[in-house]
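So, here's a batch of structures to check.
Both of the next two complexes hold subunit A, though its partner changes from subunit B to subunit C.
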Partner chain A sequence: MADLDYKGVWVYIEQKNGTAAGVSWELLGAGAELAKKLGTELAAVVIGNNAAQLCQEAFAYGAAKVYLLDDPVFQYYRTEPYYKSIVQLVNKYKPEVLLLGSTGVGRDLAGAVATALKTGLTEGCTKLDIDDKGLLLMTRPAYSGNIMATIVSPNARPQMATVRPRAMVMPVKDATRHGEIIREPAAIREEAIGVKVLEVIDSAQQGSGTVGLTNAEIIICVGRGVQSKENFQLLQDLADAMGGKVACTRAAVEDEIAPLDYWVGQSGITVRPKVYIACGVSGAIQHLAGMRDSGVIVAINYDRQAPIYEVSTYGIEGDCLQVIPAMTSYVKELKEKKS
Partner chain B sequence: MSSRVWIFLGVAIVAIAFFLWSAYRRFRVIGLGQPENRFDSRGKRIRSMLFYPFTQLCTLSRSYLFSINHAFFFWSFLLLIAANVITLLWGLFPGMLPGGLYPVLALIFEIAWVIALLSIIISLLRRLVFRPKYTLPMTPDAAITMSFFVVLFVGYFGFQASEIARGVIKDSSLMPVSGWLASTFMGNATETPGNVFWWLFTGGLLGFIDYLAYTKHTHILASIPNCYFRSLEKVTTQPREDFEKSKTLGVGQIDQFRWNDLLDTFACTECGRCTDNCPATATDKPLNPRTVIHDLKYNLAINGRLLLTKKEAVLPLIGNDHEGSVAPDAIWACTTCGACMEMCPVFIEHVPKIVGMRRYLVEEKSQFPEELSKFFENVKQRSNPWGLPPPERVKWAMPLRGKPYLPGKTDYLFYVGCAGSFDTRAKQTTLAIARILDAAGISWGILGMQEKCCGDSVRRLGYEFNFDKMARENIKLFQDKKVTKIITACPHCYSTFKNDYCQYGAEFEVMHYSELVSNLIKEGKLPLKQNADLGKVVFHDSCYLGRYNGIYQAPREVLAAVSGQAPAEIAHNHEKGFCCGAGGGRMWMEENLGTRINTKRVEEALQEDPKTICACCPYCITMLEDGLKEKKAENNIKVLDLAEIVAGALENKDRAKNSFDLTEK
Partner chain C sequence: MLIVVCIKEVPDSAYINLNPANGLLIRQGVPSVLNPFDAHALEESVKLKEKYNFRVAAICMGLPSAEVTLRKALAMGVDEVVLISDPAYSGADVLATSLVLSEAIKKLAEKDEIAMVLCGKQTIDGATGQVGPGIATRLNYSQLTLVDKIENVDPSAKKVKVRRTVDGWFETIEATLPAMITVVPQINHPREPAVRMQMMADRAQVTRWDNSVLKLDAQGVGAAGSPTHVNKIFSQTMPESEILGDGISDPEGAARALIDTLIANDMFSV
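Let's look at the complex of A and B:
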């Protein structure tokens, strides 16, 4: 039977250089709902070096309590100090639910924590709920996305889940909220850690255009149909107007319409934006493999037979070079009206 | 016995003992290799060992003009072995002058010597004056070997001429060269010149034998055994890996090759026919099959002795520049097209060696081009290269409302394959095949969502562990469904089922659709009208159809039946067909080094000025279409799958019977 000593819903706040991952705040929103249903309180776990400023932000997003582990060993993410510290924290305070973002770091950490705690973990959830017995219902796609599986952890505690970014709604920020900060020490000293970070090579600082692409919510994709480097600006204008990023296909790179950094596809970058506008993109399978999970796909192509129409939500049959400027001016018009 | 015999015996025994000792030292490292049974079917092996070298078909059948030179040299060399033995004995026992037929033999020997000398001169000119690109420049090694030959030549004829001049040989009418030499240079000779020439000859012969074991000319010693120990089947697959026992997966050190792979390196004489036909070499990739074999031999020379004495190897097998013998970029550049093996006169197996090293990189080191991590993950999780949801496998068949394979009721399993199921372009081929099968009234069905990737790319890329799992699962599925006959759309699925799965004891009757269609047309079961609007058609041989499985004629016959004339040939065709660039898992990798293989192939095809390029493989179709786009020729020239051409030529009534349209998606 489940250990009834475990109480409370925790959300791990993933941060890098003092900035939290968006999914962590989304999880506070979801966590608040769960805590309400369970009649318990919502706490955030902030781990970092000089990360105290995140506590206030956590309160603003709905946490009632923040467990803060502020120590130089947490300067860079490393599995060992992070997971050992969380395990120590969990053993001390015994939360019944522990949520993490399904990001690179979150998945690494969650697995290590769950293994050490000998509890279950549901990876990549898209929905969370509480059943009438007070168990956490963790729902995620299974069998290649063919069914949704709901998983419970009836005995082991805490009930752990990682949640996909943007699966939950970002809660409203309320800066007037306050809460209690509980400081805890790191579970491990620097000398005892086998892995040292010598240098962080950040592709963002090396001027690569790809960094923004994986997280972009709106992507305008340049295909061979854009024809020339000169026309590339038309798409950049639309992207700027919509607050999105420009991507491109393999063929566009080949024709030197767009640089390699922007390349989406099987061996390029995989993207999952909310809106993907494919301009003059035929939709070869190697490209589709990199973008087919986008939310809304808008295809602009004069060829009705182009395979891009197989995956698109909306299609605009026409020359993208005429359609795009029209879209840009319409977006600008809408924005002006709004402001 | 004269003192000469004793001196000769002394020298000869030392020389031969030295030769045996060096040959033993050189070749014993072969024993370091992993076990492989090449000792079966002795009769067949002996026939192969006699047939290929002695007819010289091993090289003559590879369509190189220069092979004729080699053949004449080889045959005269054989005759000269007899000439040499006779000359040796003659010098040792002067009284035992051969009589009887000897004058005729002497003539034959003289002709053989002249032919041998001529072919050496031709070889020299070829290396020095008009050197083909694929051959290596003249090496000191080769120069020394050739000079030995000249020494033998001088010794032989000098001896014969002195014997004529001395009057030992009375009738020199059938000895034009020695006779002329004797009458021109040797008036009334003493014994001395004869002795000098004989010793020159003997020294040259023994020296040559001793030198042999230290040069690339071990080819002379190792290539005939290599014909004995060759793979009796065409090399269309790679050996299975034992996951239970072996310590290391794949080949990361020279002694992890099979012993026959090591023997291969000695059989190589670096003729360069492999290199001349390698699509990677032709497009300036770091892969050169001849260099790979040479570098393996060098690695074996450095490490072999250490490994024999249980010491650590000092030269790594895989590494960049001077860090290892074979660079990872070379290993990954291979398309496994098999042109190297097809062209190799001494049956060297390049591709299994390269795949062996890939296995080590993938399974032991996790070092592979980063694009492949996505591919491996997708295949592992969803059993298709793009990671698409398996239910989408059946989408192409929507217009057919599904056509499941029913065990016991359906004759043929139509195995669609990943490309044919998911790739919009290849789906058109799939539909075309479906229409053809229906038009011919064949009972067929598909596995639908249960179909999985065949594992071809996975195996060629060296992820053997996963291939092993995929092969077992597929075989089980086929057996559960009581499948006996399989039609495939893709040559890669075809070859994998036919040549790879049989390593698991699975025997299915596998057919590529082009074979089936060719048979159907011959039997008059396919109602065709001739299709006029194809224009000039060229046919591109897919490696896994042609070279791997010998299917060259079927697609050409089908094209001829449909278009009324045989297709035109691209410069490289049939056995010499040039890969599209996507085989061996290259489909899933970037081609960042050198120029593009597909572009080169398309350029070659464009020289024939075709209207249609026909191929029978979804990879080829993709690569050729991309190449056409690269050349901005996609509006004038079409790349069509053979099935599309045939389906387009079906008589209208058969079109009507099938309610779906090719363009429907």
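Let's look at the complex of A and C:
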């Protein structure tokens, strides 16, 4: 039987070059509600090199306490120093809940931390709650998102979950809030770390293709209904006008309408833009698995029975080859009016 | 030196059904396939074998029927396969899964020094992406997730140089071996095995390990060794989509309505 005498809700603040990932602040909002239900305290964990300025921001977003680990060893994210330091911190202060963002970094870190602590971890949650026994209820989509599963970790602490970006509401920032900063040391020295980061390149420098897609706020997706390589340009024009990126389905790759680099789906790239406009996309289950967490999904497809309509917020029943150019010219018209 | 590839047999996503009464996957009648992400890990291991002369072993924890999936790995060019199957291992979550796989890797390491463990970035059924990090942590290997390029391996200096594709940036990393690497699909295009390789694979030996071989404490494996469990399962209901304008007779009007709606809801601005 595990030691259940753990108290407090912790949120890991993921940062890069001193800027926090949005999901970390969203988690402080969600964490505050959990802490209230549990009658306990909300704390943030800030790890970095010269990252102290994030403490004030964490208070503003609702943390009552910040555990700050500030050391040159944390200049870049690397699994070993980060996970060993969190494990040391958890073993010292014993929080009952530990939340991280379900991002590339968050998933890398959470798996190592949970394994080292021999505790349960639920990946990619979209909803968190507390049951009447004070257990954390972690709900996540399962099997391509058709089914939701609520997971519990009754006998292991801390109860760990990663949460998808934009699944929780961003809390209101209140700069007048203050809290307590607790400084703790790194658990490992540079000499003992076997991993070195040689170079970091922002994908914004990389132009289009796969990496641009994971960051894009607006994605225009090419489906089989786009019909030809020549029509691809119509969607590229819309993406350019809206400041977005073009993606495609597996079917569009097979029909040689779009290149493989743009493929979104279960075995392709997973994306979560603010707006996903699916053009001539039927919505095969494997495609939906790669994009259903988008903020707003728009279906442009004359087949109202197509599965894409089951996940979309808005739809236009029509030929995307007529609708898309009309959208492009309207966006351009609005831009001209503005300037 | 040895490369170990961890693969999983998963239900074909086109035929997924769950029993709503207990939340368990209905396996009956659902065809199983190699997890598509793992095909990229297998391909990369065979490429590394061709370039650096590593030996490659593929391991799979699953039902006895997963032997078919391991034969596919043989056909792609791996040298040895091990099926890890025991009723005691069923119902395992991430923690219990990484334990069994790590112990199997340790057993392989008794015969040959391990250079790398390769995994797909996640499975299509569980989709946690956490088993790889679990293995790295248990074995104290360098953990390199989301790798889209293995640039160089230096077995004598025990170094590997990879590129990771993280949340909007690329990282070039040098790490000491042994390393646990999870690969993204962009890393390569998995080969279609030649008929000759397929025939060889069909006749090849599949090693089977159960708990009489791994000798793990029954409390630490399968459902008993899993801290998490499913409390409730339900289907996701989506609200009906809102149809804007008349796209057939007035595509232009519908296009304008959509852009106006996105602007009004703060999803887009000019």
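Methods note: the second predicted complex is superposed on the first by the 204 of 339 C-alpha atoms of A that agree within 3 Å, B and C clash if a C-alpha of one lies under 4 Å from a C-alpha of the other, contacts with A are read in each partner's own complex, and residues count from 1 in each chain.
Here, contacts are C-beta pairs under 8 Å (C-beta built on N, C-alpha and C of every residue); 3 or more make two chains touch, one makes a residue touch a chain.
Being a predicted model, the structure only gives us computed values, none of them experimental.
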Tell me the contact category for A:Ala251 with respect to subunit B and subunit C: first, second, both or neither. first
Of subunit B and subunit C, which one contacts the greater number of residues in subunit A? C
Pick one for A:Glu310: touches subunit B only (first), subunit C only (second), both, or neither. both
Applying the document's definition of touch, where does A:Gln266 land relative to subunit B and subunit C: first, second, both, or neither? both
Report for A:Lys338: first if it touches subunit B alone, second if subunit C alone, otherwise both or neither. second
Contacts for A:Ala35 in the overlay, against subunit B (first) and subunit C (second): which applies, first, second, both or neither? neither
Have a look at where A:Tyr83 lands relative to subunit B and subunit C in the superposition and call it first, second, both or neither. second
Subunit B versus subunit C as contact partner of A:Ile285, first or second or both or neither: both
Can you list the residues of subunit A that meet both subunit B and subunit C? 144-146, 266-267, 285-286, 289, 309-310
If you look only at subunit A, which of its residues touch subunit B in the complex? 144-146, 224, 251, 254, 266-267, 270, 283-286, 288-289, 292, 305, 307, 309-310
Contact footprint of subunit C on subunit A as seen in their complex: 2, 16, 21, 76, 79-80, 83, 103-105, 107-108, 110-112, 114-116, 118-124, 137, 141-156, 194-204, 206, 210-211, 214-215, 218, 242, 261, 266-269, 274-275, 285-286, 289, 295-296, 298-300, 302, 304, 309-319, 322-324, 326-327, 330-331, 334-335, 338
For a test of understanding, state which residues of subunit C touch subunit A in their complex under the given definition. 13-14, 16, 18, 23, 25, 36-37, 93-95, 98, 124-125, 127-134, 136-138, 142-146, 161, 165-176, 185-186, 226-236, 238-239, 241-248, 251-252, 254-256, 258-259, 261-262, 265, 267-268, 270
Subunit A contact footprint on subunit B (complex, rising order): 371, 374-375, 378, 381-382, 385-391, 422-425, 588-590, 622, 629-630, 663, 665
